[in-house]
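Each of the next two complexes has subunit A plus one other chain: subunit B in the first, subunit C in the second.
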Partner chain A sequence: MLELKDIRLSYGSTQVLNGVNLSVKRGDVASIIGPSGTGKTTLLKCINYLAKPSSGTIAFDQIQMDYQHADKTAIQAIRLRTAMVFQQFNVFKNMTVIQNVMDPLVVVQRKSREEAREIALRELERVGLSSKQDSYPSQLSGGQLQRTGIARALAVRPDVMLFDEPTSSLDPELVGEVLKVIKDVTSSGITSLLVTHEMQFAKSISNRIIFMDRGVVAADGSPTEIFDSPSSLRLAQFLNSEHSLQ
Partner chain B sequence: MDVSAMIPELLSALPLTLAITFTAIIAGFCLALLATTLRVRRVPVISHLADLYVSYARSVPVVLQLFVAFYGLPLLVVLFGSEDFFSPTIAAMVALSFYHGGYLSEVMRPAYLAVDRGQHDAADSLGYTFRQKIARVVGPQAVHFALPGYGNSIIYLIHNVALVMYIGAADVMATAHLIMQRDYNQYQFETYLVLAVIYALMCLIAWLIVRFFELRSPMQAPEATTKAQIKNALIASA
Partner chain C sequence: MFDTDILLQDSREILGAVPVTLAMAFTTFVLSTIVGSLFALVEYRRIPVLRELVFAYKVVFKGVPMVIVIFLAYFGLPPALQFLLSSAGINFNAHETPNWVILVLAVTGCVAAFQAEIIKGALNAFDIGQSDAAYSLGYTSGQLFRRVLFPQVALTAIPDLTTSMMVIMKALSLGFAIEVVDIFAQSQLTAALNFYYLEAFVIAVVIYMVIAYIVTQIADRLEQALRVRT
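What follows is the complex of A and B.
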């Protein structure tokens, strides 16, 4: 359903993505792992055009776009069918929890306030934040903020969920509550792409692991293939170093 | 000499001072909004003109800006073939609107830039248009960052309105000088003292209004949420 071809992107003279090819099938839960600075987050952002590749193409079902001729309609169409959860949460700071979830439904999807409210309440219940619906972001913990972010993303009913290191900026004791919610979301069958450093978690929820290294996809396979019989030295080294940290 | 006799005299000129102030507040706000939009979005040539305008408003002494407007505007309208309609009051309104707008633009621009990049990313990825993003997310947050600076700019504006007497507008300052001269300059200290109180009160009121909005901002939420709390905080800060 989602296919990225030969994505290239550089920040100044630093080449971040060196021709990434990636295709995601409906129902996939794919985790992208790899060393820091290999472009995992950047790749995820390219899908939403939050990062702007210099070349490459994207196909999302019938929507096709060449990044060299980026066109607003295609970008918007893709944005409307995906939803992103950010490392820094990026919950709207001027709105309460429930307003955060309702606002895109009312403003972008033009739903009535009643309907938006109903959906928002349901999603907040799902992430366990019903009691915090009227709190402002400045009153919440990191875990609660991230669960708000997840509820907001779920509420727009995306075809693909994009998780960008959703637990990387959380205190260790808050990681569990967020992982639990993500596990619940991915097991509901929604197509998901997850950039993460939580290897055990990636292994347990994904049907696919994508290993990125130096701006390309260096390995792509089932969790067993990747974790139990790494195909390359780089991958083995990476898994080893991650393992020794845990 | 009864000081209370000169208070009504001074206050009779207050409407003009306030008229100039409010005109500058409103027109200056619109100018600042326009200048800031152009400067943030970087349109070639036009953005540079906006930069030039802000630089003029911020670096040329206000009293000089008043003279430039007072002597320059009639030349400009005559050049376009219409009659000179610039009284000192109108020239003062125009000059101070431009001054305030330029100053305020340099409050708005940093406030816009202070909004976290991630807030833009989130709104963009959810499919907000640029306008929706500004209206719903970035604007309200920028207002929060801009309020303290906005309060200052209003106070500076009130102070600078006192300069309009140099081009002959009959504001409270000019009236105070008339009163002093009429009284053979016997009560200069008393008159200036009354004037100082009038200005202090105007600034206090302006500041309290701005402070009220600061406290009411949702991004401030934990400290003050109820009306009573806002009232207490206002009294404490006054």
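What follows is the complex of A and C.
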């Protein structure tokens, strides 16, 4: 359903993505792992054009785009069918929890406030934030902020969810509550791409693991293939270093 | 020490200048905030060429004493305006531009440089990750501005913008130099007739203080009302 071909991107003189190929099937839960600074965040952002590749193509079901001729209609169509959860949460600070979830429905999808409210209440229930619906972001913990971010993303009914290290900015004791929500989301069958350093978690929820290294996809396979019989020295070293961190 | 009759009579006269002063201050505030916002956006968005122009503008208008800017505007603005209008084929006698208009424009020119700094600071304090989130959800840049950016930037800027309002009130007293009668100028005039200088200026000070108090109160309320929401 989603296919990226030969994505290249550089910031100034640093090549960040050096020809990434990636295809995702409907229902895939694919975890992207790899060393810091490898371009994992950048790759996710290429999908919704928050990062602008210099070349490459994207196909999202029937939507096709060549990044050299980026076209607004295609970008918007892709944005309307994906939703992203950010490492830094990025909730809107001037809105309450429920307003954060409702706003895209009202502003972008032009739903009535009543309908938006109904959907928002349902999603907040799902992430366990019903009791905090009228709180402002300044009054919330990191875990609650991230669950707000997830509810906001779910509420737009995306075909693909993009998670960018959703627990990396959290205090250790708050990681669990967010992972639990993500597990619930991915097991509901929604196609997901998840950048993470939580190896055990990735193994338990994913049907695919993608190892990114130095701006390319260096390995791609089932959790068993990747974790139990790493195909390259770099991958083995990376898994080792992650393992010793945990 | 003070003669009550004189105080009462002077107060009535000087208070008469309050509405005009407030009207000029408010106009200047609105205009300078608009111009300052545009300058700040130019710098925030790093628009080439315009950005350098804004920078040069700020150096000039922050550096040159306001009273000089007022005199320059007084002597330079009408002929310049006349020239522009007549070359655009509009028949209008710019030499009859009222002095208070010239004063408002001159003070606006100066204060806009400061407003630009305030708004630029508030823009820089905006957490840019929220823009990523909005775009990823399909917001247009206009929707991002209305729903997310503006409410937050306005809130951050309010305290400093209030200070600007007081700066403007005080700057308008320089209008005396070009015969615009504000609170200060009126107290000058009143005192010049009856020679009770101290009385007149004490009254002016009290009026300025009351206005400062009211403006600060309004800003505090406004800020609190908005603050609950972040």
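Here is the rule we go by: the second predicted complex is superposed on the first by the 246 of 246 C-alpha atoms of A that agree within 3 Å, B and C clash if a C-alpha of one lies under 4 Å from a C-alpha of the other, contacts with A are read in each partner's own complex, and residues count from 1 in each chain.
Here, contacts are C-beta pairs under 8 Å (C-beta built on N, C-alpha and C of every residue); 3 or more make two chains touch, one makes a residue touch a chain.
On a predicted model such as this, the values are computed, not experimentally measured, just so you know.
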Exercise for review: Based on the superposed arrangement around subunit A, label subunit B with subunit C as either clash or fit.
Suggested key: clash
Exercise for review: Give one of first, second, both or neither to describe whether A:Val127 is in contact with subunit B, with subunit C, with both, or with none.
Suggested key: neither
Exercise for review: For A:Leu9, decide between first (touching subunit B), second (touching subunit C), both and neither.
Suggested key: neither
Practice item. Name the contact category of A:Val160: first (subunit B only), second (subunit C only), both, or neither. Key: neither
Study note, to complete from the structure: After superposition on chain A, the subunit A residues reached by both subunit B and subunit C are 45, 48, 50, 76, 79-80, 82-84, 86, 88-96, 103-104, 107-108, 136, 138, 149, 152, 156
**Study point:** Interfacial residue positions of subunit A with respect to subunit C in the complex
**Key:** 45, 48, 50, 76, 79-80, 82-84, 86, 88-96, 103-104, 107-108, 136-138, 149, 152-153, 156, 162
Study note, to complete from the structure: In their shared complex, subunit A is touched by residues of subunit B numbered 116, 118-119, 121-128, 132, 136-137, 140-141, 144, 217-222
Exercise for review: Please name which positions on subunit C make contact with subunit A in the complex.
Suggested key: 127, 129-130, 132-139, 143, 147-148, 151-152, 155, 228-230
Review point. What does subunit A use to touch subunit B in their complex?
Key: 45, 48-50, 76, 79-80, 82-84, 86, 88-96, 103-104, 107-108, 135-136, 138-139, 149, 152, 156
